[in-house]
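Shared chain: chain A. Partners: chain B in the first complex, chain C in the second.
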Partner chain A sequence: MKQFKLLLRSPWFVFGAAMFLFCIFVGVLYPMFSHTDPLLRGALPFEGPSPDHWLGTNGEGQDMFSALLFGLRSSLFVGIAAGIFATIIGTIIGIVGGYKGGWVDNVLTLVTNLFMVIPSILVLILIANSIEKRSMLLVAFIIGATTWPWTARAVSAQTSSLKNREHVSLAKLNGYGIISILCMQILPYIMSYVFMVFIIQMATGILEEAAISMMGLGPYDSVTLGQIINQAQKTEAFSNGNWWAFMPATVLITALQFSLYVVNTSMEGVFNPRLRKES
Partner chain B sequence: MVTFVVAISLNFILPRLGHSNPVDTIMRKVHTPGMTSKEYKKRYEEFMVKFGLMDENGKKTTIVRQFFSYVGTTLKGDLGVSFTKYPKSVWDILKTALPWSLWLQIPSIVIGYILGNILGALAAYKRGIYDKVFYPLSLFLMSVPYFCLGIVLVYIFGISLEIFPPSGGYAMDMMPSFSFAFFASVLYHYILPFMTMVLVFIGGQAIGMRSMSIYELGTDYVKYAKMLGIKERTIVMYVIRNAMLPQLTGLALALGFAIGGALLIEIVFSYPGVGLALYTAILEMDYPVIQAGILIVTVSLLAMNFIIDILIGLLDPRVRISHESRVE
Partner chain C sequence: MADAKTISDPSKVLLTVNNLGVHYKTRFGHTVQAVDGVSFSLAQGKVFGIAGESGCGKSTLVNGVMSLFIPPLFYSYGSVVVDGDDITKYDSEKLRVDILGKKISMIPQGALNSLNPTRKVKHFATDVMRNHEKNLSKAEIYERLEERFEAIGLDPRVLNMYPLELSGGMKQRVVIGISTLMNPHVVIADEPTSALDVSTQKSVIRMLLDLMERKIFGSMIFITHELPLLYHVADDIAVMYKGKFVEVGESDQVIFRPKHEYSKQLMEAITKLSTTGERHSEGARL
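Moving on to the complex of A and B:
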């Protein structure tokens, strides 16, 4: 609780968190009240911004403003879901490896390091390329399944430094099973670390979704920010200078990334005592 | 080494997860209305043999045999034939693309790493106003996705101001040759994608170096050195040297992101590297090119990792000494 108050006093944290929450707020609310279909080809291609179309139209004559906000919602959904998947997989692998030690840890660390070296974007391209019907949830799962090593590594390091604490030994002596020890004695103590990596995993999820969508391998059932850019690229909005077709999406992705990184680093400043004293 | 085996296996397994038979997908494309069913069957079998799904007698092979034949041909450097540019082999396509990619990636990573570390250490040492401006700026640069910065730069400098060419690796009316004009054109087209790579890379490295150096500056040896009245520059050099090692390990991890980012930068700038080749291959569903492109990127990444490992071994006295004592 004390740490949470410290967080709220950090201007960087408030700034980043407010920015991200505002994006979620807009991304969730606008599509609920909007009656503009982002897929409707209701105008001429590449119309400039006007009162009817606040951000103009794209190469297909679709309204960019609603595409942007619908895209924001899908990108957030994919990012958050991917972050959750990655966190669950990574936490389980990390906590088991770190607690068990020995050969279990060795094997799990080997697997973790393997997936850390091979960039997830490459594995993503391979998988996404071989599955034709990619829903948003599936894309999120694939992203999570390739980015979990970062969580696993952080969790495993924290767990192995915790496992010889007295309260853990006490629980062991009392005959609690491994699952209840992990959940009751270890997980609560590493929650802040897990959450910090979760923030980064969300950022990675949003980024990777944008990246594979740009490659033309995004989810088929919705508009996402990456697909807006992909669309602009395919219709040559770049060379025609139709900035409204790609700039807002680019800025929005950057803003999401920046806000999440700011939240993460400011949390690190509070939770990591080594960095705290100087700031 | 283990990573390499896994990379090859993933490359074999993953594409087979979705559609069970890549040949069906090709045949859908190769199939023309005028084709008789006999011709169709002949082409089909031809492709089946080519992909190792069938042996010459027309019997279907098992998945294990497919795997070994895939590994065998890959190790021989035979990456197969492109679907869409049919007689052209995959290797021919990637051979021309790979140098462009490496030429974009390696110099920008090296320069970004050096500049980022120097700036990060300076920020940690000077603090004050310099750090106040520098820290948010590099935090921002670190979090900007490579391709987003690329798009912004292309738009501002390439399209609006027309200072730099917005796309391509060299002027379109030129043929690759060993002439001065060609190299000048290559350099001119290089600036924007290179700047994009370096700027983002500096951000991440500088942030890491800054916190490493803050930690180092608080250690006893620095305080002692200050009390002895050693010159500031010498102290900073010591700090940089000690903080550099963990940074080098960090570099190995940052490589994956940087290279993934570079692939996307190539798409934004239509830079003729592996990333653009992958992008066109995905658009045209040219599976062998996609598969081989991914493999080549993975292999070059592993090679870079290996070089970094050797560098760590050379620079870290602890690793060096443990090696020397083992030899004795």
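Moving on to the complex of A and C:
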């Protein structure tokens, strides 16, 4: 609670969190109340911004404002779900390897290193390409399954330094099982760290989704920010100077990344004792 | 399950350690025999003291007695018999469920730092009970916890506190309370008072003896390098040197009439107040 109050005193944290929460708020609420279908071709292609279409239309004559906010919701969903998948997979692998040590850690570190040296975007493209019907959840899982290694490595390092603490020994001596030790003795200690990792994974998820959607490998069942840019690319909006077809989506992706980055660094300033400022 | 309230089987031998040997394996494949042929037994209501210099194998012996063989520590030979069973033959899961915390419990060296600062005392204590008795309800657990904390002279409100809110002596009591929750046959106290001031040391030891007298636990192995302290606590004392018991006897005999040369040296090394105004002890000059 004290640390949360410290966080709220950080203007950068408040700024980043407000920006991200505003995006979530708009992304969730607009599609609930809007009656505009973002896929409806209701106007001429590449109409500029006007009172009827605040952000103009794309090459297919679809309203860009609606597409942008529906896309925001989908990108947030994929990013958050990918962040959850990556954090869960990485935390389980890291905490088990770090605690068990020995050959278990060696095998898990080998797997982690293998995933780390293979560029995740390549794996992502290959997997996405081989699956025909890619739902948002599936895309999120694929992203999560390829971006967990950094989480695993960081959690493993933290766990191996914690496993020899006296409170873990006392738990062992009193008959705690391995799951109880990991969940009750070690995880609470690294929870703030895991949460910060989750924020970074979420940002990675949003970015990776945009990357594969730009290549036309995104989810088939919705509009996403990456798909808006892909659409602009296919209809040559870049070369024709139709900035409204791609710029708002680009700005929104950048804003989401920036807000999450700012939240993460300001949290690190509070949770990391070496960076903590006296107050 | 052992009797929930107290241990009640007088004159029973609770633990027999027979010719126990344990060794460490170094990363270069060498073997270091850290405990070599140690034997003793412990009856209900008795305190067995183990003394020796740092590095002589006292804490390793504790791991051996609890059959906690975590690499690089390995079992060599001998047996540790609890309730007629040799627990060195148990696998780690059976040891965890049937022995640790339930029949043999330990108050570790760094007891002051042994509580997880991120969790309230009651959560730690609840987990210990749940790990052994899964069917206990929350109300039953809290009732038993409050009863036990009152028995060790702590306000039950301590259960709702974080370790950071407790003093050193209170933390020590909490650790003792948690380690004796399941009424173990044997409590191993590994230098439990080394980090405490003299007056708190006294009250903690008095509390341990009181708990044993009230049969909340059966017997105790008390490990320290402070021989005078052992004299006040233990019925029998073993002096350990290079992994072996070089002398075992009643506390009076070991303290005042030590037979082995090493025991004599250990006694002579005790710092005494000089009547001539000299500031250094005999031992310090050695």
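As a convention for this text, the second predicted complex is superposed on the first by the 276 of 279 C-alpha atoms of A that agree within 3 Å, B and C clash if a C-alpha of one lies under 4 Å from a C-alpha of the other, contacts with A are read in each partner's own complex, and residues count from 1 in each chain.
Just so it is clear, a contact is a pair of C-beta atoms (placed from the backbone, for glycine too) under 8 Å apart; a residue touches a chain by one contact, two chains touch by 3 or more.
Just so you know, these numbers come straight off a predicted model, no measurement behind them.
S.K.: Using the overlay on chain A, decide if chain B and chain C clash or can fit next to each other.
M.R.: Here the two partners, once superposed via chain A, fit next to each other without clashing.
S.K.: Does chain B (first) or chain C (second) touch A:131, or do both, or does neither?
M.R.: A:131 sits against chain B, while chain C stays out of touch.
S.K.: Classify the contacts of A:214 with the two partner chains as first (chain B alone), second (chain C alone), both, or neither.
M.R.: Touch status of A:214: first partner only.
S.K.: Name the contact category of A:72: first (chain B only), second (chain C only), both, or neither.
M.R.: Neither chain B nor chain C is touched by A:72.
S.K.: Quick check on the superposed pair: does A:254 touch chain B, chain C, both, or neither? Answer first, second, both or neither.
M.R.: The answer is first: A:254 touches chain B but not chain C.
S.K.: Given the touch rule stated above, what does A:167 touch, chain B (first), chain C (second), both, or neither?
M.R.: second
S.K.: Looking at A:121 after the superposition, I want to know if it touches chain B, chain C, both of them or none. Which is it: first, second, both, neither?
M.R.: first
S.K.: As a test of reading the superposition: which chain, chain B or chain C, is in touch with more residues of chain A?
M.R.: B
S.K.: Is A:267 touching anything from chain B or chain C once the two structures are fitted on A? First, second, both or neither.
M.R.: After superposing on A, A:267 lies clear of both chain B and chain C.
S.K.: After the fit on chain A, how big is the angle at chain A between chain B and chain C, using C-alpha centres and going to the nearest 10 degrees?
M.R.: Result: 110 degrees at the vertex chain A.
S.K.: Enter the shortest inter-chain Cα distance between chain B and chain C once the structures share a common frame, rounded to whole Å.
M.R.: Once the two complexes are overlaid, chain B and chain C approach no closer than 16 Å between C-alpha atoms.
S.K.: Of the residues on chain A, which ones does chain B touch that chain C also touches?
M.R.: None.
S.K.: In their shared complex, at which residues does chain A touch chain C?
M.R.: Where chain A meets chain C, its residues are 102, 165-167, 169-177, 180, 184-185, 188-189, 191.
S.K.: Where on chain C is chain A touching in the complex?
M.R.: Residue positions touching the partner: 66, 68, 71, 96-97, 99-102, 105-106, 108, 110-111, 113-119, 123-124, 127-128, 131-132, 175, 178-179, 181.
S.K.: Inside the complex, what are the residues of chain A that reach chain B?
M.R.: Within the complex, chain A contacts chain B at residues 110, 114, 116-123, 125-127, 129-132, 203, 207, 210-211, 214-217, 229, 233, 238-239, 241, 243, 246-247, 250-251, 253-254, 257-258, 260-262, 265, 274-275, 278.
S.K.: Which residues of chain B touch chain A in their complex?
M.R.: Listed in rising order, the residues of chain B that touch chain A are 2-3, 6-7, 10-11, 14-19, 139-140, 142-145, 147-149, 151-152, 154-155, 159-160, 166-167, 207, 211, 214-215, 218, 252-253, 256-257, 259-260, 263-264, 267-268, 278-279, 282-283, 287, 290-291, 294, 297-298, 301-302, 305.
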